[in-house]
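What follows is subunit A paired twice: with subunit B in the first complex and subunit C in the second.
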Partner chain A sequence: MILLKLISWPYIRKHLLRWMLTIAGIVLGVAVFLGMHTANQSVLYAFRQTVDRIAGSTQLQVSASETGFDESVLERVQSVPEVRAAAPVIEASVNTGLKGQGNILILGVDMTGDRNLRDYELESGEAGIVDDPLVFLAQPDSIIVTDTFARQNQLGIGSKVPMSTMEGEKLFTVRGIMKSSGLSSAFGGNLAIMDIYATQKVFGRGRRFDRIDLTVKDGARVEDVKKKIEGMLGPSFQVESPSARGGQFESISHVYALTANITSAFALFIGMFLIYNTFQISVTQRRSEIGILRALGATRGQIRTLFMGESVLAGLIGSTLGVLLGIGIARLMLGYIGSLLGEVFGIAEKAKEISTNPALILFAIVLGVITSVVAAFIPARNAARVDPVQALQKGKYQQMSAGENRVRRITAFVIAILGVACLVFRQSHGLVYAGDALTLLAALLLTPTVAQLVVQALRPLLRWVRPVEGTLAADSLLQAPRRTSGAVAALMLSLALVVALGGMTRASYGSILNWLSVALNPDLFISTSESLTTRGFRFPESMGPQLSGVSGVADVQGVRIARIQVRGMQTIFVAADIAALSRRATLPPTAGNTAEMYRLASQGKAVLISDNYALLRGVKLGDVLDIASPRGVLHLPVAGVVVDYSDQQGSILLDRSVYKRYWDDSTVNLFRVFLTPGASETDVKRRILEALGNQRRLFVLTNREVRQYIMRLTDQWFGITYVQIAVAVLVAVLGIVNTLTVSITDRRRELGVLQAVGGLRNQIRRTIWLEALTIGLVGLILGLALGALQLYFGLRITGEDLAGLRLNYEYPYEISLMLLPVILLAAFLSAIGPAESAVHGSLVEALEYE
Partner chain B sequence: MIDLAKVSKVFNGKRQVTALENVELSIGRGEMVSIVGPSGSGKSTLLNLIGGLDTPTSGKITIDGSLLSGLPDDDLTRMRRDKIGFIFQFFNLLPTLNCIENVSIPLHLRGWPKKKIDERARELLNLVGLGGRMDHLPDELSGGERQRCAIARALSVYPPVLLADEPTGNLDTHTGADILKLIRDVHARLGATVLIVTHDRNVAESCGRVITLRDGRVVEDRAGLGLTA
Partner chain C sequence: MNRFVFGLVVLGLAQAQDVRQIVAESQKRSQSKSEQYEGTIEVFGSSNKVSLKHWEFERIGSFGVSKSILRFTAPAEVKGVALLIVNHPDRSSDQWMWTPALERDRHIALQDRSTRFFGTDFSFEDLEERDVNQFDYKLLGEELVDGQQCWKIESKPKEAKSSQYTSAVLFIRKDIYVGIQIESYAKDKLVRRIRYSDIQKLDDIWTARTIEVYDANRKSRTVLKLEKLKYNVPMKDENFTLEALRRG
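On to the complex of A and B.
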C-alpha cells in the first residue's frame, strides 16, 4: 500500500490523461453491460410487478399459450373440490385516444366472482356504484380506471375515455376510480378494469377467456391442486403460479440479453487490451525506477504486487465510473427496449423507472476489476522479472527480443491450427465458438509481427510522401513494436467486429428482402393493429366473405398467428389455408419436396417448419412434432422446411382447418387480400374501409407499407449492432490517442532535436499525424482481413444459435470502403491533441529529457 | 556577430530562480569562445538563449544583425536552421537513422533536392572523418564517432554560428581531444563563430576567449591561454 502511494501515485498523477484513456475501455465495457442489462431487467421487473399486482391473491393461473380457451373450461376448474375461488380474465393492451397516454392495459374480469381474488380499493363515495355489480354490468361501456390515470387525464366519475376496439373507436365511461396501491400501480398505472363479457365483445375474443385465476382452499396444497388441474385439462394448458409467468418474458428476451452480453464482452475485451498495452508501456518506462527499487531491496513479489495493485485500482475506478454511465445508458434505453420487446416479441410493457439490481452492479464491478487484473498480469510479471543491473543502464526497451518474437509466432501458429481443426471437425456449437476464440487469439499473437511487416512495407511510401516526417513516423512505429501493436490490435479487433456485423446485417437484409418478395406478396393486408405483431385483437372468420364481396378483391386468405407451447418453448404458429397459400406463394424449401409437402400440409397431415426453427431446435424433415391442443395432443410430421422469417425464434406453418378443429378457435389475426388485375390498391383500400371500417377496428396496409414496417423492425433490431459499432470505434480511437500520447512522451527528445536542427512546427505536426495515419492504416488492413474470418464465424453463430438465419457469405465491400476514410479521419483527429502538445512544450526541457 | 544586451532569464517554478541576470556580451565574427563556470551558473541557459531554443525574460539578443526577441516560433526556427548549428553532450542522433540520414535531416527540413542533400552529407561526413561509416547506425559507432556525426549534422548548411554544449563531456580524454581538434579545425577552415560550454579546463583554455559565469553573471572575460588539449 505504501509502495502504491509512494511509487504509483506520482506516476499516475504525471500520466493522468493516459490513465483516464486507459480505464475508458473498462468504463465503456462495464457501462454497456450494466446499462443494457439494467434496462432489460427494469422492463422485466415492471412486467413481473404488473403480473403480481394483477394477480392479487391468486395462487395459480390456468392459461393455454396465447390461443385462449373456451368458456366451458371455467366450470371444469371450478368443479375441482380444492379450488376455493376461480375467476376468468382477459388481458388486452389497447391504444387510447388520449394524448400522450399510448397503450392502456384492459383487464376483463367477472365482477361477480373476481373480488374474491383482487381488491380494487375504490375511492370512497364511488364504491357504491361498483358494489352493486349489476349496475356496472348493465352498462357495457363501464370501466374502472386508476387514480394515477384519472389524475393525468383529468377524469372523474362519468368521464368518457376513447379507445380503439374491434368495433372501431368507442367511448367508455369511467364508473369507478381505484386508489393508488397494489393493483392500480400495475402497468405504470395505465390500467382499466372492464366486465369480461363486454371485453370479449369489444376485442373480438368470441366466447373465450385468456386465463383463469384461482385460489385454493385452506388445507389444500397448491402443488397438488396444480397437478390435479394439469391432469384434468391436458398438456395444452399451463397451470402456473403468477410469478412463474415472468419466466416467459425472460425466455423470449434471451436473444436480446445474449446480444447485450456479446457487446459488453467485446468492449471489455478491447478494454483489456488497452490496459495491457498501457501497463506494458508503463513497465517499460519505469524500468529504471523498478531497477532502483530492486536495488534497494524490493522483492519480485513486491514489484508484482505493486503493478497488480495499480490494476485493481484502475479496475475499481473504471468500474465505478462505468456503473454510473451504465445507469445513464439504462435510462436512455428504457423506452427503446420497451418498444423493441413490444414490436418484435409482441409483449406490451412499459417501465417508467429503472430498477437497479445491487447484485448486478456488484457483478459489473467485479467484472471490470477482473478484466483489469487479467490484463495487467503479464506486464506485472515482466516488471517483476526486471534485472536491476540492466534496468539501471541506458538503452532501448521497447524492442522485443528475437526469442520472444519466435515464441509468439510459434504459439500463434499452433493456436491457428487448432482453430482450423475446430472448424473442420465442428461437431457441436461449442467448437464453433472455440474456433472463433482460437482464431482471434492467434491473430492477436501475430499482430506485432504482421504490424511490423506492414509498417516496413509502408515505409518507402511514407518516405516518398514526406522524406523526413514520413521516415520518422515509420521508424517510430518500428522502433516500439509493443506500443504500436497494442493500438493496432485494438483497432484490428474493433474493425473486425464492424466488418463481421456489417456483413451479417447485409446478409440478413438480403435474405429478409428475398423472403418478403416471395412470402409477402398480397396486395393488401387487413390487420387488427398498425403493428402486425400485436395479437390482442382478432377478427371473426365471417369477415372473410365480406371482404371477398368488395369489388376489386380477387382472393382473401385468413391467417391466425399465435404462440403455442411446443417442446417446452412458446413457438409462433401460422395457421393458414395452405392450399390457397401455395397457389399464391411458394416459400422456397430448404428440405422436402415442394409439391408433396404442400399437399400433405394442406390436408392437415403434416406441418411445415421454418428454416430457423429447424436450426435452432434441431428439428429435421420427417421428425414428428407433438403439439398439445385443447382437444388432445397432435402428432404431426414435418413435411418440409421452408425459408420463413415470421419470428426470430422460428415458426410452424399449420393448416387453419386443423387449428380451428383442435383449438376451437375460428378467429383470424390477419387477412391477406389479392386484387383483381387492374384494380387500384387505393380504391380497394377505400372501399374496404367504407364497407367494414365503421363496424369494426381494422387497418388496411398496402404491401409497400408492410414491407416498410418489417424493414423498420429489422432496423430497430440492428440498432443494437450499431451501438456495438460505435463502441468499437470509440474504444479504437482511445487506443490511438493513448499510443500517440505515449509515443510523444517517449520521443520528446527526438522531437526536440528535430526542432533544434530546424524542424518547423508544421513539420513536427506532420510527423505525428503520419504516425497516427499509419497506425490507422495498419489497423485497417489487419482488421479488414480478420473481419473476413470473423464474418464467417458470425454467420455460423447467428445461423445456429441466435436467429437460425441461413445466410450466404458475402464480404461487405461497401462498409470496408466506408471505413477507410472514417478510420483515417478518426486517426487524424486522435493525433491533433498529441501533436499540439508535442510542438508546444519547452524545447530546452525536451532536449534535456531523460 | 552575437550581441546580448541586459539579458536576464528567470524561471518561475515553485521558487523563482534567476538563471541569468543583466548579461552584456558581444562576440565577434569568427571568434572561438568558451563559457565556463560552476554547475548552475547559467552556462547552458546562455547557450539556449543564443541558440533560440529558449527566450529571455528581458533584454535583447542579436545574431548576425537579426534581433531574436519577439520573433514568432517559425521565424525563430528558420533563423536557427540557417545560422546556428548545435552540438550536444549526448549527441542526440536519431537512433533509427544511419549517419548519412542523420546528417541529411536538417537539409530535408529545408526542402533541398535529394541529390544535393546526398552530396552535401557525404562531403560533411568525409570532413569529420566518417567517410567509411556512412551507412552505420548510431548504435554501431563509438562515442567519438557519434559526436563526429553530430558535428557533421550541425555543419550541414555551414552555419555562421556553432554552439556546443559540453561536446566532450561524454567522451574519454583521448576522444575528447580528438573532437576538440575537429571543432578547432572546422573553426579554422570555415571561419564560423564557435561557442563552447564546458567544464573541462583544457577545452576552455584552448579557445581564444574564456567567459566565466557565476550565479547568472559574467564575472570574468579574458583571453584564453592558448592551450591545446
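On to the complex of A and C.
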C-alpha cells in the first residue's frame, strides 16, 4: 500500500491520460456486459414479477404449452383431494386504443373462485356493484383496471376503454379499480381483469383455458400434488410453480444473452490487450525506478505485488466507471430489448424501470478486475525479473530477444495445427469453439512476427511517400515490436470481429431472403394481429369457407401456429394442410425425398422439421419425435428436413388434421390466401375487410407487407450485431489512440534527440502520423485476414449453436473496403494529439526523460 | 326457501328429548312439495353503501332431493342471470350459473362454495339445502333469543360432508319448532350469523319472511325479504335442468 502511494500514484498522476485510456477497455467491456445484461434482465425481471404478482398465492400452474386445453380439465384438477382451490386463467395482450398506452395484459379469471388465489383489493366505485361479481359476470364488457392505468388515462368507474377484440374494436366498461399492490403492478400496471368466459368469447379462444392456477391443502406436499396431477393429465401438460414459468422465457431468450456475453467478452479481451500493452511499456519506462527499489532491498515479490496492485486499482476504477456507463446503456437499450423480446420471442412485457442486480454488478466488477489482473500478470512478472544493475544503466531498453520470438513462433505453429485438427475432427460443438479459440491464440502469438514482416514490406512504400519521416516511422515500429504488436493485435481482433459479424449478417439476410421468396408466396395473409408473432387471438375454422367465398380468392390455407413442449423444449408447431402447402410452396429439403416426405406428412404419418431445428436439436431424418398431446403421445418420424425460418429456435411442420384430432383445437392463427389470376390484391383485401371486418378482428396483410415485417424483425435482431460492430470499431480506435499515446511518451527521449540534432517539428509530426497510419494499415491487413477465418467459425457457431441457419461463406468485401478509410482516418485523428504533444514538449525534459 | 337459505336448516321438535330428533322433526314439519317466491335482497356494505337486487325463486322436492332455480330480475345489468342448485342426500349440491349475455353456464366448483354469493353476505354453501343426516348434533342447552325460548344445538358436518364451517350453533324455537338463528364457525371463529324473523304461518308451515345474514369478517350484512311466497305450487321436474336454466 505504501509502495502504491509512493511509487505508483506519482506515476499514474503524471501519465493520467494514458492511464485513463488504458482502463477505457475495461470500462467499455464492463459497460457493455452490464448494460446488455441489465436491460435484458430488467425485461425478464418485469416479466417474472408479472408472473409472480399474477400468480398471487398460486403454488402450481397447470398448462399445456400455448395450445391451451379443454375446460373439462378444470374439473379433473379440482377433483384431486389435495387441491384446495383451482382457478382457470386466460392471458392475452391486446391493444387498448388509448393514446400512448399500447398493449394491456388481459387476465381472464373466474371471479367466483379466483379470490381464493388472488387479492384484487378493489378501491373505488360503489362497493355493492364493483365488489359484486354478479354484475362483473353478467356484463361481458366488464373490466377491472389498476389504479395506475386509471390515473394515466383519467378513468373512473363506468369509464369506457376501447380494445381490439376478435369481434372488432369494442368498448369495455371499467367496473372496478385495483389498489396499488402486488397484482395491480404486474405488467407495469397495464393490466385488466375480465371474466374468463367473456375473455374466451372476445379473444376467440373457444371453450379452452390457458392455464389453471392452484393451491394445495394444508398438510399436502406441493411436490406430491404436482406428481399426482402430472400423472393424471399426462405428458402434454406442464405442472410447474409460477417461478418455473418465469424461467421458461429466460431459456427462450438465451441466444440474446449469449450474444451479449460474446460482445462484452470481446470488449474485455481487447481491454486486456490494452492493459497488457500499457503495463508492459510502463515496466520498461520504470525500469530504473524498479532498479532503485531492488537496489534498496525490495524483493521480487514486492515489485510483482506493486504492479499487480496497480492492475487491481486500474480494474476497480475501470469497472466502477463501466458499471455507471453500463447502467446508462441499459436505460438506453430498455425499450429496444423489450420490443425485441416481444417481437422475436413473444414475451409480452414492458419494463419501465431498469432493475439493477447487485450480484450482476459485483460480477461485472470482479470480471473487470480479473481482466486487469490477468493482463498485468506477465508485465508484473517481467518487472519482478528486472536486473537492478542493468536497470540502472540509462538508455538500455529491454528488447524482445530472438529466442523469445522463436519460441513464440513455434508455439503459435503448434497451436494453429491443434486448431486445424479441432476443425477437421470436430465431433462436438465444443471442438468448434476450441478450434476458434486456438486459431485466435495462434494469430495473437504470430502477430509480432507477421506485423514485423508487414511493416518491413511497407517500409519502401513509406520511404517513397516521405523519405525521412517514412523511414523513421517504419524503423520506430520495427525497433519496438512488443509495443507495435500490442496495438496491431488489438486492432486486428476488433477488425476481425467486424468482418466476421458483417459476413454473418450478410449471409443471414441472404438465407432469410431466399426462404421468403420460396415459402412466403401467398398473395394475402389474414392474421389476428398486426404482429405475426402474437398468437393471443385465434380465428374459428369456419372463417376459411367464408374467405373462399370472397370474389377473387382462389385458395385459402388455414395455419395454426403454437409453441408446444417437445423433448423438454418449447418448440413452434406449424400445423397446416401439408398437401395444399406443397402444391403452392415446396420448401426446399435439405434432407429427405420431396415427394415422399410431403406424402407422408400430409397423411399425418410423419412430420417435417425445419433445418434450424435439426441443427440446433441434433435431430436427423428418420428420427422419431415423441410429441405429447392431450390425447396421448404421438410418435412421428421425421420424413424431411426443410428450410424454414418461422422461428429462431426451429419449427416442426405437422398436418393440421393431426393437430385438430390430438389437440382438440380447430382454431387458426393465420389464413394464407391465394388469388385467382388477374385479381387485384387491393380489391380482394377491401372485399375481405368489407365481408368480415365488421364481424371480427382481422388484419389483411399483403405479401409485400409480410416480407417487410419479417425483414423489420430481422433488422431488429441484427440491431445487437450493429451494437457489437460499433463496440468493435470503438475498441479498435481506442487501441490506436492508446498505443500512440503510450508510444509517444515512451519515445520522448528519442524524439527529443531527433529535435536536438535538427529534426523539424513538421518532420516529427509526419513521422508520428505515418507511424499511426502504418499501425492502422497493418492492423487492417491482419484484421481482414483473421476476419476471413473468424467468419468461417462464426458461421459454424451461428449455424449449429445459435440460430441453426445454414449459411453460405461469402467474404464481406464491401465492409472491408469501408473499413479502410474509417481505420486510416481514425488512426490519423488519433495521432494528432500525441504528435502535437511530442513537438510542443520541453526539449530538455525530453532528453532527460526515462 | 327458508330451508334453502338456512343452509344448516333446523326446525324444532317440541317433545323430543333426543337432539337429532329435534332437528329431524323440524325438517319434517317444514317440508313441502314445492316453493315459489320473489326475493328482494339488500346488501349493506361496510362503507354504508346499499345495493338492491330482486330475484324469483322456485323449488321442487324437499331437502336432500330438492332442485331450485333462482333468477335475477333486477337491476337491469344482472337480469336473467340464474343459478340452478341440485341437492343430494349424501353429498354437497351441484350448482350452475347461467349468464345470458355470454350464453354460458358455469359450474360452481365445490371448493368455491365458501366464496360470497354474488356480492351478498351469503356464501354459495349457505344456499344448499342439506339433509339432517349430514350432520352430528349436540344439545348445548336452552337460551332466550328475541324473547323466545330456544334450544341451543351445536351441529358439526360429518366427515363425508364438505363444508367451510367446522361447526354451527342452531337456535330452534321451542314453541313452533322453527330455527331463528344460526351461528356458523370456522375453527371457533364466528364467520356468519343468520337470523330469521317476521315468522308467519303459510300453508301450515311456519316460515320466516325476513332473513338477515351478518358477515363477521367484512362487518357487512344482507337482508333478504320473501314476497309472494307460495308452497306446493304445481311444477315440472324438467324445469329444473341445465337445459331449462339455459332457456331462461
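Note that in this section the second predicted complex is superposed on the first by the 816 of 850 C-alpha atoms of A that agree within 3 Å, B and C clash if a C-alpha of one lies under 4 Å from a C-alpha of the other, contacts with A are read in each partner's own complex, and residues count from 1 in each chain.
In the analysis below, contacts are C-beta pairs under 8 Å (C-beta built on N, C-alpha and C of every residue); 3 or more make two chains touch, one makes a residue touch a chain.
Just so it is clear, the structure is predicted and the values come from calculations on it, not from any experiment.
By the touch criterion defined above, A:A785 reaches neither subunit B nor subunit C. When both complexes are overlaid on chain A, the residue A:L137 reaches subunit C alone and has no touch with subunit B. When the two complexes are overlaid on their common chain A, residue A:D475 makes contact with subunit B while staying clear of subunit C. Shared-chain residue A:Q78: touches subunit C; no touch with subunit B. Of the two partner chains placed by superposition, only subunit B is touched by A:A756; subunit C is not. Across the complex, subunit B is touched by residues 396, 467-468, 471-472, 475-476, 478-479, 749-750, 752-763, 842-844, 847 of subunit A.
Interface of subunit A with subunit C (complex): residues 74-75, 78, 83-86, 110, 112-113, 115-116, 126-129, 131-135, 137-140, 195, 197-198, 201. Subunit B makes touch with subunit A in their complex at residues 48, 51, 53-54, 73-74, 77-78, 80-82, 86, 88, 92, 94-97, 101, 105-106, 108-110, 114, 153-154, 156. Residues of subunit C touching subunit A in their complex: 43, 45-47, 49-51, 53, 72, 77-78, 80-81, 97, 99-102, 104, 106-112, 115-116, 118-119, 124.
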